[in-house]
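Both complexes below contain chain A, partnered by chain B and then by chain C.
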Partner chain A sequence: MITPLFKFGYFGDEFSLIVAVLIGIGFGFFLERAGFGSSTKLAAQFYFYDMTVLKVMFTAIVTAMVGLLYFGWLGILDLTLVSVNQTYLASQIVGGLILGIGFVIGGYCPGTSVVACATGKKDAMVFLLGVIFGIFVFGEFNTIFEPLMELTAMGRVLLPDVLHLSYGLVVFLVVLMAIGAFTLAEYVEKILALKKDK
Partner chain B sequence: MDQNLINDKPVKYMNPYLAGIGLGLVLLASFLVMGRGLGASGAFSTLIAAGTSVVAPEHAQSNAYFSEYLGGSLGETLKDWLLFEVIGVVIGGFVSGLLAGRIKLKTDKGPNISNGKRYLFAFIGGGLMGVGAKIARGCTSGQALTGGASLAFGSWVFMMMVFTGGYMFAYFIRRQWR
Partner chain C sequence: MFRKISLNKKLAAFAIILGLVGILAGSPNESSAGKLDTNQLAIDIAKQSNIVEPTDLAKSIIEGNNTFRIIDLRNENEYATNNIDGSENIPVSQINKSDLKRNEKILLYSTSELETAQAWMLLKSKNYKSVYMLKGGWRSWQKEVLGIAEGQTAASGSLFGNKATDEPSTVSVPLGKIKAPPALPVKSGKRKKEGC
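Now for the complex of A and B:
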């Protein structure tokens, strides 16, 4: 096994920052290509007439997920060295809900607002000021949030563990779910476009 | 691209599935090269911690949250992987926008809302995002995208909650967008 390259010591911390910029360039490029530099396009997801957010997000997840599995199988990638988000159910539920409400009110998420700022959207600049203000407030009052954040700390839990299914089978099921979601999304968009024409 | 320069009209967005594959390959590259995924909100935590440490050094050090982001010096603090990644996001977004003729100073909003109200909602939404991302330990990039691809249970719960929250509240804010 030779990857993750960084974890096997192929390069050091300084060079990893150059890698960070390069990966960021790819990230920002495809976000903008997809149309995620526009709040009206992003918000349309929540009114069903433009499901691009769902399509792009699930395609990206499926691509990377299948890639992880594939490179793991080939013995090129040591999956145990890939950092996985720990599960804190309570804070992820509460935080997710707040984030979703913030998304439909503000029209961006932090990453897409950066891209929108880079292409000159003034509302994204105000949004980003809001994000900075929100993080500052959280930081100042972090002790208030701490009990919630430490509640239900479950450590490294993966979907296959919870569903008691093999990793490969869960990957297959997620792919099926994504294809189902895409079909539904295309259908809903068509229906709403017809309604608009009338 | 050349045609676009002549017509001075923005190019159509990329096919969403193709853009998704591109994004997924970037994420996969990050896993293979770094052993970690993408992020966004974390970079701003670093910036805010750094800013606070400059304005009020003792306050930043004594704050349990900010101090986690601080290195030995300001330079060390700013040598943060996510911060450099977000600098890349700015460059990548700008380049893509430039190639597509989409770089323009403007306010993106629905037809029935004033600029002032749009900014107000943008600030409120951003503020909620900042707090929510910190509570959840990540935003759409670090939790939904990265955690989703690595099949982290909590990240999938998070993703479902983001859509739930958005769809639940969409009705109340519909005038802003339609």
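Now for the complex of A and C:
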């Protein structure tokens, strides 16, 4: 658990596991309801005729970002305690590409493969075996990977600090970016749907 | 008119409005709305539960179970001359820009106890949960732990006088090289408000 609630000790280790399970079930449920338990739906993203993945992910980013901004501003949530994954630029680009290639080939990302397993999809089960195998290999060769990873370690990097812009302005720009992406996505979907009909 | 606008467009407009207000809202890290429990502060002060004895701190450092993040509030020169082993230098003028976390166990010290107390109040007013002060500050540390009378400077190689010179110690005290271990992570499950 990485919520500030836990860090301030409002509840203990055991209860935090229960909270984690509840959040996990909620996450899985909404992934499945959004249609992300189907590899055909997910693969459609890469052919641009169904941009649901982009829309859902960007919506999640914008919702969380705006929520964090206002909760922090109101003093309900302490942003400095929200865990931010450290940035390892080169390693994360390589890792992202590997994940992306796996996504295109397998039709799932790690989270959605678990969701699809829960609804009994056989391809997802094979995919999940691959995920577990990958984790195993990475763990075994961690002594080799870790120094490589550390080469481009940058620590906690936030856009407002890098761009020297205020927090609110970055939020606004990302919102504009999201709306631009949604508009473009809808436009592309419409064009491809027309082509399909012909 | 309003009904004709699609839900997507309404949501987009709502997001833009939230974003626009966000620009004016200011930094979420500098929340001014944080609640300060002044009654709790008064209890802490009266009970002196926010004060740490130099000898207790020295003992915990020697035994390797120091849980404090020790912050030296003096200026860089003073810090470079001598400091408590394992401490970090954050001059009091920089304390607002520091990377201190609100859930950390922080121990402040300086030459001036008045300065320490004001820094303590400043951090408490910004909702830092557990901030402590070293009783008597740097002077007491010198006197009670290092055994140095006022005005004298510490000899290099003394137990906790972490003198920042590279020359080898002439006094052969093996403990002189002991480095304080990094502060242990705070056990979050057991944090209780003190004084209640």
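We adopt the following convention: the second predicted complex is superposed on the first by the 195 of 198 C-alpha atoms of A that agree within 3 Å, B and C clash if a C-alpha of one lies under 4 Å from a C-alpha of the other, contacts with A are read in each partner's own complex, and residues count from 1 in each chain.
As a working rule, a residue touches a chain if its C-beta (ideal position, glycine included) is under 8 Å from a C-beta of that chain, and two chains touch if they have at least 3 such contacts.
What you are looking at is a predicted structure, and each value in this text was computed from that prediction instead of being measured.
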Practice prompt. Check the contacts made with chain A and report whether chain B or chain C touches more of its residues.
Written response: B
Worksheet entry | First, second, both or neither for A:Ser166, with chain B first and chain C second | second
Worksheet item: Which holds for A:Tyr187: it touches chain B only (first), chain C only (second), both, or neither?
Response: neither
Item to complete: Classify the contacts of A:Asp13 with the two partner chains as first (chain B alone), second (chain C alone), both, or neither.
Response: both
Discussion item. I'd like to know which partner A:Ile132 touches here: chain B for first, chain C for second, both or neither.
Written reply: first
Discussion item. Contact-wise, after the overlay, does A:Val62 reach chain B, chain C, both or neither (first, second, both, neither)?
Written reply: both
Worksheet item: After superposition on the shared chain, which partner residues are touched by A:Ser83: those of chain B (first), chain C (second), both, or neither?
Response: first
Discussion item. Applying the document's definition of touch, where does A:Tyr47 land relative to chain B and chain C: first, second, both, or neither?
Written reply: first
Worksheet entry | Common ground on chain A, meaning residues reached by chain C in one complex and by chain B in the other | 4, 6-7, 13, 62, 68, 71, 81, 167, 171, 174, 182
Worksheet item: Which chain B residues qualify as touching chain A in the complex?
Response: 13-14, 16-17, 19-38, 40-41, 44-45, 47-49, 52, 63-66, 79, 81-82, 84-97, 100, 102-110, 115, 118-119, 121-170, 173-174, 176-178
Worksheet item: Tell me, which parts of chain A touch chain C in their complex?
Response: 4, 6-9, 12-13, 62, 66, 68-75, 78-81, 166-169, 171-172, 174-176, 178-179, 182
Discussion item. For a test of understanding, state which residues of chain A touch chain B in their complex under the given definition.
Written reply: 3-7, 13, 16-35, 37-41, 43-47, 52, 55-65, 67-68, 71, 76-77, 81-89, 91-124, 126-140, 142-143, 145, 148-149, 154, 156-162, 167, 170-171, 174, 182
Response to the item:
Seen from chain C, its contact residues with chain A in the complex are 8, 12, 15-16, 18-20, 22-29, 31-35, 101-103, 127, 129, 188-191
